[in-house]
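Each of the two complexes below includes chain A, the first together with chain B, the second together with chain C.
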Partner chain A sequence: MKESHLAYFYSGDDGLSDVKMTIVSKKGKERIREFIMIRLDIEEGGNQKYYTYFKKPSDVSRITFMVHKTSEGNDQRWIYIPSIDLIKPISADDKNSSFVGSDFSYEDVSGRHWTEDTHSLKGEETLDGKAVYVIESVPKKKYKGFSRKVSYIDKESMLPLKEEYFNKKDKLVKEFSADKIEVIDGIPTITVRTMNNIKKGGHTTVSFNKISYNVGIKEDIFTERYLKNPPRKYIKK
Partner chain B sequence: MKKAIIEFSIKRPWVVIGLAVLITAFFAMQFPKIKIDTDPQNMLEADEPTRLFHAATKDNFNLYDFIAVGIVAEPTAFTPDQLNRVYRITEEIAELDGVIVDDIMSISMVDDIKQGAGGSIVIEPLMEDEIETDEEAQHIYQRIMNNPILRGKIASDDGKAVAIFIPIESKKISHRLYTEIKEITDRLGGNAEYHVAGLPLAEDSFGSEMFVQMAVSAPAAMGVIFLLLFLFFRQVKIIIAPMVVAMMSVIWAMGLLIFTGNTVHIMSSMIPIFLMPISVLNSIHIISEFHDNFKKYKHRDATIRHSINELFVPMLFTSMTTVAGFLSLALTPIPPVRVFGIFVAFGIVVAWFLSLTINPAIAMLISDKTLRNFGKDTGEQHGMLAKVMHSFRNFSHKNYKLIISSFAVVVVVAAVGLSLIVVNDNPVKWFKKSHPIRIADNAMNSHLAGTYMNYLVFEGEDEGSMKSPELLNYMLSLQKELAKDKTVGSTTGVTDIVKKIRYELYSEDSAKMVIPDNSNEIAQLLFLFEMSGGNPDDLFKFVTPEYDKANLWVQLKNGDNMAVSAVVDRGNQFISDNPPPVGITAKWAGLPFINIEWQNQMVSGMQKSLASSFVVVFIMMVFLFRSFKWGFFSMLPLTITVMAIYAFIGYIGKPYDMPVAVLSSLTLGLSIDFAIHFIQRLRVIHKRTKNFNDSYHEIFEGTGRAISRNVMVIAIGFLPMLFSTLVPYITVGAFFFAIMIVSGLVTMLLLPSLTRMFKKTLFN
Partner chain C sequence: MKKIIYLTAIFLFIIVPQINAELYTDGYVQGLFGGQLNKDNPTKSDQSVSETRLQMRMESVGDQGEFVSRIDFVYDGLAEEQKQYDWEIREAYLKFRLGSKLDFKVGRQILTWGTGDLIFINDVFAKDYRSFFLGRDDQYLKAPQNAVRMEYYNSLGSFSFVFSPTFESNRLPTGEKLSYYHPSYGIVATGMGEEFYFNADEPEKTFKNSEFAARFQRQVGMYSLAFYFYKGFYKNPIGLEVATNGLMPVYPRMEIHGASIRGAKFGGIFWLEGGYYNSKDDPDGDNPLMPNSSVSGMVGFERQVATGFTVNLQWQADKMFDYNYFVAEQESMGATHYRDEIKHLVTSRWTKMMSDETVTVSAFIFYSPDEKDFYFRFSTEYKYSDEIKLTIGANVFDGKYANTEFGSLDLNDNIYTKMTYNF
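Right after this comes the complex of A and B.
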């Protein structure tokens, strides 16, 4: 599980990509969010820093968002609101809450640390022609996000191809799928992924473009100064 | 034709009874297919724009009908013990089948927008877990008071009451959920008072109780009628006939209704209660006539022939006029009322036909020997009824001028009363004041922002048009205007979310609790809401994800149509005085709004149908009596009865609601009956006697007794309905009583006086 977690959330030492998020409601109506995401791993499998610059919808463009993720304690998040020129910390108590109104939670985006759950291998099978491990994860502490999760992990890339989230009543509520995997800079990467919200209806599809790894991102980008003034080197408006 | 039917019934009673039983069996077999529908929304046509818009609004904003649980605790509900109980109760309610868990509004389920550590914004559950200290309980109270989205809704300002709003998948399960919620609150509730309220609950529970009431009140009425008939006629065998006719008519009408695929609505559930008196009336006339004449003819077949001959025409016309009254309901725009009118009319035709066949058939099965004392023991000239009729005769003979002028005064006084009628309805008030649903409604609406929810929906042409500061400020001024009405408990819109986020963003600075002046800031504040852990679904109850429509929740403390109308009118007035920003429209939705819509349609529809049946009945009377003058006089008892009863309603301030409206056709149909019998028989007698005084004398004998028997049987027979727990049933019982007494009195006082006064012109 750790290996998979690292392959999924810690690809390379840093990463940069354009992200397009399409949130589709139960009734089939679409909302688009486009942003640039910069990631720096401070330590493999440990602390990480994220920087997000929103481009669309146009009325929220130039909003920037930063996360200092720690493997043990609470994450720290800041948001910059350009219309009032204000930086605000955002509380990170509930990692299960929706990320920008999508079907992905914060944790689905940045990863739930593997030590928080107890994992067990349920079997091995093939999924879409790929050999996978079937792993069941049960939270050690009572958790709102799920009470049981079943992951189908590709033996070759160690990336999750599918994840099923079950609630308290053991009903399938959310389903993750890796729709497209590409090898970028030698690193297998899920470039299109979907979270299907079975309970509420609707789904969110995220596609990653212009991905680059190990670009040598500096840690000073992840400070309040750069929230107000996005690093031009990486952010092309 | 008439002869053939009657002769057949007399000669082959068993065939007639056998056939009737067979047909009855066929219709009775339809009963298991019964489909019940208690949704007042179905008072409107399925494609009625108001209804479609309401459905679209529910769909656009993911809204559900809800049940509200109110908890009242003294001196405060904000103690760890009480809040923990609310917490546990909510947890269990969330497990119930058909509850939309994510949308439950309860202290333990809602999110609060607040300041977190380091000046951060955080949106998180108001009460994450059970609490231990009074400080925690007080903190929760303070947070609610500080949050315009929650204040008044889930807790009262005095802290004594808290509420849980439970959205449900469908109205049809509200009664079941009510029972289950009651079980939970009884078990986990502690010392506080628990109330369960909400329009869907009232509507669904009414459906359940309605059938209980039917099962109780219909047989009770039958029992009392049977007893009264026995008192009058002292012959069990002969009074079985009216009972059989009534039961068969009800079964045929209801059976056909079910067979034709119609649903049994609140309205049509009343069909049996309406049909029973109507069908008993004809039989009583026949038996009464039979009773009074048996001594003369000595044989049942001769007596029957005589009775039916005497009564055929008046019975035909009394039935036809009542049919006209109910068929006129088919002209109303309200589907259940149409179904009701048509099937009552059918039942009346059946009752008329069965009275003519079953009564003779059953009488034929009784031997002349059994009947030998029939009609003797009450003594034609000496019974109580006879004495009462004689005093009526003497009184009207002497004081006819006084009687006529008194009724003129009654008409004037009634006209004033009619103008006092207040049109109002509220499904919750279909229950008696002492009913738990009424008590809950009172308790919750006096403490909290209300259990009735209307929506005012703003629609723009473009996506994003709901983010304009101009629109949000407009919405805000409309909210202020609506808040002036005391019915409005609270209004909540996207405006409140924007203001609240801004307030918390600027460290609880009240000056910042306003709508920003540019749409980007509005968009970014709402984005912040979604970024800070706010559930997007909470936002999308107030605005569509595309921001082309916004929904202002208007929470009402009173579901009376009158009160709801006042709020709607106030809003509409404001909108027409201050037009919304260009390209934006505002329209109402919500269950209370739908209720006022169908009430408006019903009131105008009933006026039309009453007016048209009045005209039809008048034409029928002119035709029946071949005389305009007699036709005119025959309409007087009806007119005065309708006026007097509705004026009484105006004076006592009882609202003109659905049952009262529908009863106008029954009043019309029944109150003409006595006049028809009176005039028809008077003229027949006069033809024979050729002397007014003799005819006048005679009409108070047989006819007078028959009418007074009818008055007593129906008026008293339906009194058990006054003990019903459902107000519409009480109303119906009271109406039967009033119709009989008033039209009986008018017929036996005014008509004799008028004929005496105008005898020259009338008997020319």
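Right after this comes the complex of A and C.
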């Protein structure tokens, strides 16, 4: 599980990508979020820093967002609203809350640390012609996000191809699928992914464009200075 | 002063085009319509606001710097003939870096610092309370000012310096759309006659009357620590000067020394901020026409109490120095109500997001137990699509006395509806 977590959330030492999020409601109405995401791993499998610059829609454009993620789970988040020149720390207690109104939670975007769950191998199968491990994860501490998660992990890339989230009544509530995997800079990467919200209806598809790894991102980008002044070296519209 | 303008002009017209820049534009169109809830409000119209606004944003990003501008064009249906069309440059600044440690932002800009949620102690950058009370978007609470901001970063932290060559006052109710309190006549507005159009004497536009603000900020573990300084004027015309036709409201000189700390604690965010207001025109507190010095402190805490539901609570205490002089002055004028030595303000914000964050219900209350007044803000926002947003809201003021902060706005209760199209 650790290996899969590292393959999925810690690809390379840093990452830079153009992200397009399509949020589809139960009634089929579409909303689009476009942003640039910069990630830096401070230590492999440990602390990480994320920087997000919103491009679309225009009512959130130029807003920047920063997360300092620690493996102990006490993350820090900040948002900068340029129209009022305001930096605001955000209470990061509820990691299960939606990321920008999508079906992905904060934790789905940046990853839940593997040490927070107990993992067991349930078997080996073939999914869409690929050999996978079937792994069940149960939170050690009671968790709102799921009470049980079943992951189908590709033996070759160690990436999750499918994840099923069950609630406390053991009903399937959310389903994750890796829709497209590409090899970028020698690293297998899920470039299109979908979270299907079975309980509520609707789904969110995220596609990653222009991904690059190991671009030499410096840690000072993840400070208030750059929150106010986006690093133009990486951020073009 | 002229030199600076010439240099800026040279910079803008000669250097900027050289920068290999990319240009982006977007903006919105918005209709805002509001009605007064109180028939007795002495304003001219029973509508609180009726306007259509176009905001154009332009951003030009180059390798050496960036230029940002936001310009508002407004049609005001309540204004007199010839004055219905208005426009304002909300932002027009140039941002660039010198070396690796110095950041500059030069031009008309919105400035914010401090920790409070709608309580400002060390942030005395210009505010627009008229917009705030009428239901315009939150961003309009901040009024723009012409300034040069320099930020220097080193291992100790960040040093910010803001220099505003001309004084920019807060925008307060003038009697036009919102009534205000007049010490001799009570609550008044222009509906009672042109003489009730509020007018204060702004400081002359001289170098001596410029504003200067500074901040030092440092991250210490999970906490952000800051120290502040300001030299300029009270942003509200709370002083009086003897003029030929009676007493004229003026903006007294003052200085602020303050500090704040903010960080994550108890599963949420907490903040603590304080400031000492040194009233330069009344150092001993014995001038009845000028405000006394004071010290103000606040503590706040915010946390998410359920998914998509955030609540915060703030408490502010403001102590006036040389209070005995103030009491004597008030008694001699026969005042029926005047503030306590320590004035308290409690606020709370409740925000609930629903339906994939397309619906936001928000309430904010200011309440002062000793001034016996409150201000309640409510709004519901529905994002129909990425482009279209519908909002309804209300502003309600009440107070036992007409001369308190919110009691003086008592008759301005209003409801509004707003439709925004983002492009």
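Everything below uses one rule, namely that the second predicted complex is superposed on the first by the 236 of 237 C-alpha atoms of A that agree within 3 Å, B and C clash if a C-alpha of one lies under 4 Å from a C-alpha of the other, contacts with A are read in each partner's own complex, and residues count from 1 in each chain.
One rule holds in what follows: a residue touches a chain if its C-beta (ideal position, glycine included) is under 8 Å from a C-beta of that chain, and two chains touch if they have at least 3 such contacts.
Quantities reported herein were computed from a predicted structural model and do not represent experimental measurements.
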When the two structures are superposed on chain A, do chain B and chain C clash or fit side by side? clash
Does chain B (first) or chain C (second) touch A:Ile32, or do both, or does neither? second
By residue count, which of the two partners contacts chain A more extensively, chain B or chain C? C
Name the contact category of A:Phe65: first (chain B only), second (chain C only), both, or neither. first
Per the contact definition in the header, classify A:Val183: touching chain B only (first), chain C only (second), both, or neither. neither
In the overlay, answer first, second, both or neither for which of chain B and chain C A:Pro57 touches. both
So, does A:Val100 touch the first partner chain B, the second partner chain C, both, or neither? both
What is the contact status of A:Ser91 with respect to chain B (first) and chain C (second): first, second, both, or neither? both
A:Ile79 in the overlay: touching chain B, chain C, both, or neither? Say first, second, both or neither. first
Just to be sure I read the superposition right, which of the two partners does A:Arg232 touch: chain B = first, chain C = second, or both, or neither? second
Superposed model, chain B vs chain C, clash-positive stretch out of 362-370, 542-550, 560-568 or 632-640 is 542-550
Using the superposition on A, tell me which residues of chain A are in contact with chain B and, in the other complex, with chain C. 23, 25, 29, 31, 57, 59, 83-84, 86, 89-91, 93-94, 97-98, 100-101
Flag every residue of chain A that touches chain B in the complex, lowest number first. 23, 25, 27, 29, 31, 54, 57, 59-60, 63, 65, 79, 81-84, 86, 88-91, 93-94, 97-101, 200
Partner chain A, residues of chain B touching it in the complex: 59, 102, 116-124, 464, 467, 505, 516, 518-521, 523-525, 527-528, 530-537, 539, 545-546
Interfacial residue positions of chain A with respect to chain C in the complex: 23, 25, 29, 31-32, 56-59, 61-62, 74, 76, 83-86, 89-94, 96-98, 100-103, 144, 202, 223-225, 229, 232, 236-237
Touching chain A in the complex: which residues of chain C? 22, 24, 26-28, 59, 61, 63, 66, 70, 95, 97, 103, 109-112, 138-139, 141-142, 151, 153, 158, 217, 219, 222, 224, 262-264, 267-269, 302-304, 307-308, 310, 353, 356-358, 383, 385-387, 389, 420, 422-423
